[in-house]
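First comes the structure, then the notes that go with it.
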Amino acid sequence: MTDLASLADDGLVDALLMEVAAMLGRLVDKGETASIDLRGLPLSFSCIANLEQRLGRGEILVQLDAAGRSELRETAFPGVWWTQHCDEAGRVIAMLIEVNTIPDILRADPIDMAASLRRLAGVTHHAAFRQASHA
Amino acid sequence: MNANIKPPPPAAKTPDAGQVALAMQGFVSDFGPTAALALESCVHCGRCAEACQFYVQTNEAKYTPIHKIEPFKQAYEREVSPFAFAYRMLGLVPKVTGAELETWQSLIYDSCNMCGRCSLICPMGIDIADLVEQARHGMFEAGLAPPDYLGVLAEKEHATGSPFGLSVAKFQDMLHAIGAAHGVAMHVDEARADIVPTVSSIDLKTYPGSMAAIARILNHMGASWTFRTDGFDADNVSLTAGDRAGQRTTTLGIVRAAIACQAKTLLMPECGHSFTEMRWEAANAFGKELPFRVMQITEFLAEALSEGRIRVNKVHQKATYHDACQVSRRGGATAAPRAILKALGVELHELEDSGDEGWCCGGGGGVALINRAAPLRDKVFQIKRRQVEATGMDTVYTSCSGCRQTLDHGGKATQWNKSVASLLELVANNLKD
Amino acid sequence: MVESETLGETLQRRGFSRRSLLKFAIAMTSSLALPPSVAPLMAANLARARRRSVIWLSFQECTGCLETLLRSSSPTIDALIFDFISLDYQEALMAAAGTAAERTLREAVAANKGEYLLAIDGSIPTKDGGVYSLTGGRSNHDMLMEFAADAKAVLAIGTCAAYGGIPKAFPNPTGAVGVEDLVTDKPIVNIPGCPPVPEVLSGVLVHFISFGKLPDLDDRKRPLAYFGTTIHDQCYRRPFYDQGKFAKSFDDEGARQGWCLFELGCKGPITHNACASLKWNGGTSFPIESGHGCIGCSEPDFWDKGSFYTSLAGGSATGWRNAGLAAAVGIASGAAAALSSKLRAEPAKPRPENKP
Amino acid sequence: MTLLDFARGIGLQIAMLVLIVGLCWRFSAILLLRQRPQLALSRASLLGQIAGGAAMIFSRSVPRRSFRRRIGISILLSTIFHVGLFTIIFGGAPHILVIHQLIGLSWTNLPKGVVVIISGLTLAAMIAMLIRRIVHPVMRLLSTADDYLTWLFVFLPVVTGILLSGETIAGYETLLALHILSVEMMMIWLPFGKLMHGVLVIASRGTMGFNFARKGAAT
């Protein structure tokens, strides 16, 4: 039965890899991004491990600390990302394969940037004041 | 409808309501737990057809053994079965009609040898041959036995104890004449004897030598024996015709005769159904176990040979053997003829289907006595012919005069060059002096 | 009513980045079985969304459902969503009591007429005029009908509110029923479970807040994303079921090996819920993982479906006494049939003779 | 009350009671008919006759060699079907559970995959048997409504069982309910139709074996 199960796993992994290839093709041709929600598919642990291994590791590993940790890893296939989000308790809340030049979540958000600009202005002013007082 | 089967004689009328009622009464009076179990158990698998010589040779579905007793089964379901009241109330099983009985007359008589091959193949353990015998009771009692040779003979047997209506005096004369012709001392109507042989009316009519053979062997053994003219014709045509009363009269006549001379052994002739009747049914008619043994002649000869009471010269011959269904498959004496052939030194080349699995010659169950069944009988005979030819033997031994007669007739009809011979006569002709 | 701040503003004020919101949206789309591409839209909608009024009425209940929802894991955005909804009336939680509480309720209803969500936990007694459960002298039935009339939708939280639950268990002395038996003209979402999985409620609320509508429901009005599969379908012990490896008792080798609990009465195969995937207590475990079969608490009448420890394969067979009685009836009938057959069949037959 | 509750509760009870009443009725009505004693000297002792009866209960499952060629298809199909059905009933884990709950006996089950494959074979054999029954002149002539109904009442549990094992078409709950209901229909039908042969076969073969041992006839 174990052999049968692993055989079925291999079939699923192959199908997913073909889907990833198709998605990457669309990214290259038309610039379309896409992702696969791995938790929404009936995959066993061994199947996910198998898939992760087949995709391999690339050059980038990003750790995100936003309401819990996230790890975004480039696979051995540039343009294909393995991303996993955890909540503050450390439990996995999402696991995806993203096909994108860079995962959207890594881009700084305009609203966050506006807020940081305001904060940055405050920090700068304070430093200048200190420097001036020393002189 | 098979083109070779003649329609019933034009005089025969469709059975009327009274006849149907009589048939029903006859059908239902027979059901004990055994028959009921049999009819309840059929799964309609159709395998019995493949064991039946009539189906195998014609490929006509109507010759399926279990189908041949359909009206009998219908009567059972309507009148006797556990849910009979519901079947009647809801009309789930229709009444048997006169037209149906008319159709089934030929199926139940002309195309069944009661050979029991179907009983052997049935996965549910249904003794279909036995059911056919029971079904014929109702048919006969309604006057629906074939209006032919069989019916006529049964009537005569019913009236006189012999299908040919032979009188006691006539029989005595015949026996003495046979003795004189064959140079053998006859014992007739002696007051006391250990062994009482009986004869088949076919022997009387066609093979008188077989009676001389019995006399010669019993004399050779130095046995105390006698023919009894008050109970000699064991043929029991009534059994195959379905005449319970005639069957009983004939049987009890023989039982009384054997008891009268304080016989220890009742010797049944080379005949099939008569053995079945005397061996298994006579005690039931008599009401208790019989005070003597009933033995078919092959059993008797095999036993006597093995005990050295008969001594024979070896005959250096090759031959094949045709089993009588009622003696071998149905009667439990399959080994006896083979032991006799061995004792005689005959090199036995068995038929492809032999012993318990042998095919009927086509004449069993009274079919030999139904003239209109002759074409069908000849078709069935072809199986035997093929199998005998396949052995390459020139001689077929058998220990049933009915079979012997059927094989002779079949052979004659097809210019067959094989000789059909009696095992009994073979023994009688090779006794050591 | 004062225009409140948006959820985006609230999050920003509390120091949550937009990344956190996007991450939450990614997790929610996954949880709601929506395509991952919807996540940015959901995040944007959530950021723009304003507070929603929720009125929570408790009927024949044990407060277990509320406890579960309040104790949902860590102070994440989940918790914020609960903060964000305006729980305008909840007897157990609100500070006000008596007539003050009554006034709050009336005000909230008047201010959000046609827009508020009505959340119900507990079943509604209908026998004897509903006298078995009253709030301020008013029956649960009356209150339900009154506040459902102006609600946008009704959330039946827990098995009692959804189907009647334990109060409805045989012999159901109070004539308890679920919300859907009484409210027929409003959208209803059933979130059954005893108690229900808290993440399901947040999922439903997030969907409602971000897209302005209820998620897809199944034929029992349950959110399809969470109740579309059975516990059995998602169970990590499922491979053992497929291989036919079953624990035969709670302490045998099979149980130690973590084999399937089907034979020990697990109701997983007929129970629709998300326990096996979302799990409990912050994703720690769920009953089967702890070695006990599912009792099917999110299914209607789960309390009356025989023992929790009787396997689904069987059923309640008839007792020996009834079987014996049936056999007696059968034999008697059979004997009568045989007798009547004998009478019908008996011909005047000659007796066998004994003397020659 | 859901369909499953009905199937597992009152439905099962009704089916069992009907089954028991029907079985006892049919059996007693057959066995209480007048039995004529057999008075002829038997070729076998009483013990020998009983042994003959017992032996035939098993021996008739395997046709004689000389018959096999002519009834090959029949043997093949009915063997696959009967062996398959037995394996499913006595090898499938849920079935063993039911038996355990009813009478307390239990044994090791077969892997589900094996049971499913056997079910498929059984189903195929059943379909072939039905086609044969319709097409073969002998079987068509012999067949009555009972044969087709009985086929259906056996076919349904096999089909619903296979569907249940894969949880296709509908949910486990619905399929389980349909499976149990189909078995209950079969239980109710059993004493009144041809299905009874499953029980009668023992009595019928046993009787023939007993009688044939008496005569020394070929078995």
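We just call them A, B, C and D in the order they show up, numbering each chain from 1.
By definition in this document, a residue touches a chain if its C-beta (ideal position, glycine included) is under 8 Å from a C-beta of that chain, and two chains touch if they have at least 3 such contacts.
The model shown is predicted, which means the values in this text are computed figures rather than measured ones.
**Q** What is the touch distance from chain B to chain D, in steps?
**A** The fewest touching-chain steps linking chain B to chain D number 1.
**Q** For the chain pairs A-C and B-C, which is connected through the larger number of C-beta pairs in contact?
**A** Looking at contacts between chains, A-C has the larger number.
**Q** What chain lies closest to the overall centre, CA atoms only?
**A** Ranked by how close its C-alpha centre lies to the overall one, first comes D.
**Q** So, comparing C-alpha centroids, which chain is the farthest one from chain D?
**A** A
**Q** For chain B versus chain C, what separation do you get between their C-alpha means, in angstrom?
**A** For chain B versus chain C, the centre distance works out to 78 Å.
**Q** Suppose each chain is reduced to the average of its Cα coordinates; what separation in Å results between chain A and chain B?
**A** From the centre of chain A to the centre of chain B is 94 Å.
**Q** Averaging over Cα atoms per chain, report the distance between chain A and chain C in Å.
**A** So the centroids are 34 Å from each other.
**Q** Averaged over CA atoms, how far is the centre of chain C from the centre of chain D? Could you give it in whole Å?
**A** 42
**Q** Specify, in ascending order, the residues of chain C that touch 2 or more different other chains.
**A** Residues 233, 242-243, 334, 337-338, 341 of chain C touch two or more partner chains.
**Q** Could you say which residues in chain A touch two or more other chains, in rising order?
**A** 1, in rising order.
**Q** Please output the residue numbers of chain B that touch at least 2 other chains, ranges allowed.
**A** 31, 80-83, 284, 286-288
**Q** Within the complex, which stretch of chain A touches chain C?
**A** 1, 5, 34-37, 39-40, 42, 44, 64, 66-68, 70, 85, 87-89, 91-94, 96, 98, 104-105, 109, 111-112, 115
**Q** Spell out the part of chain D that touches chain B in their complex, as residue ranges.
**A** Checking each residue of chain D against chain B gives 25-26, 29-41, 43, 56, 60-61, 63-64, 66-67, 70-71, 74, 78, 133, 136-144, 147, 192, 194, 196-197, 200-201, 203-209, 211, 215-219.
**Q** In their complex, what parts of chain C are in touch with chain A?
**A** So the residues of chain C touching chain A come out as 8, 12, 16-20, 22-24, 26-27, 29-31, 33, 35-37, 40, 47, 73-77, 233, 239, 242-243, 277, 282-283.
**Q** Can you list the residues on chain C that touch chain D in the complex?
**A** The contact residues of chain C facing chain D are 230, 232-233, 241-244, 246, 248, 262-263, 269-270, 300-301, 305-306, 310-318, 322-323, 326-331, 333-335, 337-339, 341-342.
**Q** Which bits of chain C are touching chain B when the two form their complex?
**A** The contact residues of chain C facing chain B are 334, 337-338, 340-341, 344-347, 349, 352-354, 356.
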